[in-house]
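Structures given as structure tokens follow.
Next come two complexes built around chain A: one with chain B, the other with chain C.
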Partner chain A sequence: MNGNIYHNRKAQWAIYLAAFAALALLPIFFDSPFTLNLLARYCVFALLAVSVSLVWGYAGILSLGQAIAFGLAAYGMAMTMQMQYQDPVSDPIPSFMLTNELKTLPLVWAPFWSTPIGLILTFGVPTVFFIGFGILMFQARVAGVFVAIMTLAMTAAWYSMAYDMQPFTAGFNGISPPLPFQIFGTEVDPYSAGAYWVCVAFLAVLTLGAKFLMQTKFGLIVQAIRDDAERARFLGYNVAYYQVVVFALSGFLAASAGFCWVLIVQYVSPTSLEIVFSISIVIWAAVGGRTSLLGAIIGAFLVNGMQSFVGDELQQVWMLILGAIFIGVVLFLPRGLAGFFELVLGLFSGRREPQKSDWSTRRTSAVTKESAE
Partner chain B sequence: MSLLELKDVTKVYNDYVAVENFNFSVTDGELRCLLGPNGAGKTTCIDLITGRQRLTSGAILFAGDDICRLPEQSIARLGIGRKFQVPAIFKELTVEDNLEVAFSRKKDPFANMMTLHRSYGQNRSDEIVELVGLKDRLSSQAGLLSHGETQWLEIGMVLIQDPRLLLMDEPTAGMTEQETMKTSEIFNSLKGSHTLVVVEHDMSFVREIADIITVMHMGTMLAEGTLEEIGNDPRVKEVYLGSEGLG
Partner chain C sequence: MSVNDFWTPFSLLPFLNALIIGISLISIWLIAALGLTIIYGTMGVINMAHGEFIMLGAYSTYVLQTLIGIPFLLCLPLSFLILAAIGWVIERGVIRTLYRRPLDTLLATWGLSLILVQGVRLIFGGEPKYVGVPSWLNFQIEADFIHLSGLRLFIIVMAIVMVAVTWFLLYRTTLGICVRAVMQDKEMAASFGIDANRIYSLTFCYGAGLAGVAGSMFGALKTLFPDMGGGYIVEAFLVVVIGGVTLAGSVLSASLLGELNSIFSYFTNDTFARFILFTLVVVFLRIRPQGLLAEKMTRR
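What follows is the complex of A and B.
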């Protein structure tokens, strides 16, 4: 374990920085707007996978609710962009509301007249929701599979809300703001290199931030709580507090992904709050290796890249393929591709200390005892 | 003055009485053994002291203050360290990181976000690693340790917190004879400088370390005294030691 370069922090930072530099340079090689937009989408998915890696891989909280933060932020961003298009005097109400017989702008939409307030809500609402939901779960010491069930149920609840409240959310059709996002007097073209770089910047800054945090003592304690919450509690740590903080951070990461998503697709619908989507994120992280943030990014790129290139005829059965990949990873690479890397690099470092198991130690001592007698 | 005092402590689960009117006190610097057959209420007592279970009635005083309403982490921060019956360590972390988590004096998540340096290597940690004999294993993953080493690691984690009171729930469970011997050496070296309550089954271990022994039976105190007094007590012989006595 000593000699494995996988565990060398300097090497890790070098690889992370190199990876993000490479991502940032991609527009030089791919100048097709379609390709750039596709790559930007992968970056958004990668950010979601990082949020799962943080909360599941490091903190041991299997959250199937990352789509909640993603979806809420996506709706917030879409509402902000929609209101940028509306005119307070001549055209104050989005057209889908008129077709749903709303005569005035609903109260929840009113703050989005202001772009800064809209952006604050886009990031703030999901994060605050995760804090509240986290307090509810972790104070009650909900753990393990029950966290998965609760977050799953909550995702389903938000999905039906977005779906059913048609006058406010345009229901199944979703909201498609007519114009791209405007900020500081410029328009962010979803198919431009600029939009792609915004996504890469969010991915890079938040991933490096999360990586740094996991190397502080906070990160160490979070991992300790993952291994044995009870032990940590009796060492004097407020376990629920730590879990709420890391859950809220992962919510903020997923919310940032939701923001970037609408920036580059100019559209939101209840599908961003879907259970299937939430579970897919967990699979991306599992494929890449949930205990590695960079692994999760690679997992998201690989799986989504595969889905883009398998061809139309296989899209129908994509969920089957994804399921098969997941089962394969769980069976053969429980720590994902990153875990495989760790193993291979460990073989090269050649300093694998022989580990005596409990049994072998006891057996040898039993044998010595016998022979002594 | 007694550091820990249990007054008329009673714990009832539904209609099963686990501990009944139990009185118990430990003075500073003492090593007390808590003995008793299975189901006597020993671990329940430890659970009550550390806040894992709540009292039905009675009071628990630590250094004169009532602690029985505090949450677990607050009790731990007051200076009560606990070793679990089934060794509890952080399996995915290295031995060094396990000790680091136990060593940290800062418990607030935001304060710990600002801390990059490791406190390992300072103050008491070297001594303790030496004491529990894990010096060569510091960079090993804790989940790969042998059973005895796992027990020692947890003892080390409790010690490194530098608590005023150490509660050890069956520290030699599952250990080989040699490992038990080494553990008794560790405990003997802690005598005087630390206050310990040791729950134990293994009589040879108790014989090595005990000053005063408290024997529990069916949730109540059966007897209390030195090894010799306990050994000669006919009630203890009957319920716990059988006809063999303390040998």
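What follows is the complex of A and C.
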């Protein structure tokens, strides 16, 4: 079947697997701890961009609230790591609480004594919140711009919470657990290849899982809802259900990113819940191509890579450049770099993809056939 | 840590004062949201750079005041004109191509806000600047339960004036009829001979100008720094969305939100009040997604 190789599924999977293999092999070429940590951060950002691509590119829901899941999970992980450091007998209360005149450990923190429970909460709380929030929004058939505004407001609300509840969250100073994460008796060094591979593993497994899901019937319905929710509704699908599930999945992806983030950075602060951060994630996905998960990954790597290498002198101008890139992408390249790539591959594939739908092409040729006879 | 540390006990006079502060907050949010109501109501354009328009209004007042020495009261209409001009350029350049794509306008205007913030930072530097309050506003009303500065009173008055002027323009002039026609149905209005594109441009300029006036006054209220716009954008959007994207709706929702925020702040504190308020907003939008006083049943 002649057609754009971009749409060939086998080719797509091959590229995805090759990309992740390449990512996994990077430590062979870059073994400085600083570079590995930097690359691991990029992987975290890439995972966030994938979560946006999933919920926006595939489900058509512009969520400006990925930072909520990211931040909640990051705080959960930081709390887990902090309590790993604290000793129940000699040193039960984190130092920032003592400076805030908190004499006993708050109830919210108590479950984090146990690392497994802490991890469950880290991944679970954001996902459950997204399920609840999603049900609230999509049952009411809130769509499009209103979803964006509501997620924006929610992000602002959570940021205020984290910033203000100083005794519980250490406010704007943030929580910095003194020790790296301990699991199964070993310590995970944030600057090691091991931590990097954890991040790559999360990125690869979750991205490939999401891609697989989007190629199932469930994924097709989600994309149908993106294209026309009313039509999907008339066809009998429970649109709210699909939207909530995808929204919650994207929350889970963002939460995983939050987990990895604190694993490699060993610090969390309210900046992880900032609106600016949440919208930046959308920018990365938009630049790379929101309808393509790999595109989102590339977009995240590209934009953050540029940001790191632009240097101090240009740092001032960087935001200008980023804003201009973003406007340019929205105006001229709405499907991002992946869309551009698709266009270019289309030129090489010989026969063009039909511009009209199959139905109209067949009808037109049937009509011309009739009139010719 | 007990619940009492969060909860301030009720006493009449400070509570009444909180209510009065609430009125000041209402006026601020209403003025900030007014331009956005017009722009979103008419064109369906989500202008994420609206906060930056406010910021630009503040900075242009700063420039007019310190470099040219123009009195405060005159700065207001001048920043209206300056921001209207900037709005015209932006509408022509960026917004015009994105009318049928509301989500993309949201993103493009966000990119614009990044450029505006960084541009201002490069030109003026990141340190806070100050707009001087004119001497005739430099008084305080100190009564039993009212502690209000002259500037805040001025803003309350200006809010009423601006809403009245906007109402007059929309409902008592021919231009207003054209704008309302375009708001209801762009194609039909065009078929009646109304130049819809020109109306869009004028509306965007008017909305931007209103933001400029807002900024001039807010600049005097607080210090100026490049990302001050961010503090207004979320509240402004909530006012517009809860109000149902109409002028009366915005007035009502600003009143409700401002007063509720003040009441919650009295009992707890500012940031926790914000959290409660935003959660209530989300719940409200679930119950009544079209807002308080929406004209049409369809949501954009």
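By definition in this document, the second predicted complex is superposed on the first by the 347 of 373 C-alpha atoms of A that agree within 3 Å, B and C clash if a C-alpha of one lies under 4 Å from a C-alpha of the other, contacts with A are read in each partner's own complex, and residues count from 1 in each chain.
We take it that contacts are C-beta pairs under 8 Å (C-beta built on N, C-alpha and C of every residue); 3 or more make two chains touch, one makes a residue touch a chain.
Fair warning: this is a prediction, and the values are worked out from it, not measured in the lab.
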Open item on the list: Tell me the contact category for A:Gly144 with respect to chain B and chain C: first, second, both or neither.
Closed with: second
- [ ] Have a look at where A:Ser308 lands relative to chain B and chain C in the superposition and call it first, second, both or neither.
- [x] neither
Open item on the list: Contacts for A:Met154 in the overlay, against chain B (first) and chain C (second): which applies, first, second, both or neither?
Closed with: second
TODO: Please work out whether A:Thr216 is in contact with chain B alone, chain C alone, both, or neither, and reply first, second, both or neither.
DONE: first
Task: Partner chain in contact with A:Asn173 - chain B first, chain C second, else both or neither - done: neither
TODO: Considering only touches as defined above, state whether A:Thr186 meets chain B (first), chain C (second), both or neither.
DONE: neither
TODO: For A:Val330, decide between first (touching chain B), second (touching chain C), both and neither.
DONE: second
Open item on the list: After the superposition on A, what does A:Val282 contact: first (chain B), second (chain C), both or neither?
Closed with: second
Open item on the list: Between chain B and chain C, whom does A:Thr99 touch in the aligned arrangement: first, second, both, or neither?
Closed with: neither
TODO: Decide which partner touches more residues of chain A, taking chain B and chain C as the two options.
DONE: C
Task: Shared contact residues on chain A - chain B and chain C - done: none
Open item on the list: Applying the document's contact rule, which stretches of chain C touch chain A when the two form their complex?
Closed with: 1, 46, 94, 97-98, 101-104, 106-108, 110-115, 117-119, 121-122, 230, 234, 237-238, 241, 269-272, 274-275, 277-279, 281-283, 285-287, 289, 299-300
Task: Contact set on chain B toward chain A in their complex - done: 50, 52, 71-74, 76-77, 81-82, 84, 88-94, 97-98, 100-102, 104, 106-107, 109-110, 112-116, 139-141, 144, 146-148, 157, 161, 176-178
Open item on the list: If we count contacts the way the header does, which residues on chain A are in touch with chain C in the complex?
Closed with: 62, 102, 106, 133, 136-137, 139-146, 148-150, 152-154, 156-158, 160-161, 163-165, 167, 275-276, 279, 282-283, 286, 316-317, 319-320, 322-327, 330-331, 334
Open item on the list: Help me check something: in the complex, which residues belonging to chain A touch chain B?
Closed with: 1-2, 213, 215-218, 220-221, 223-224, 226-228, 230-239, 241-242, 245, 353, 355-358, 361-362, 365-366, 369
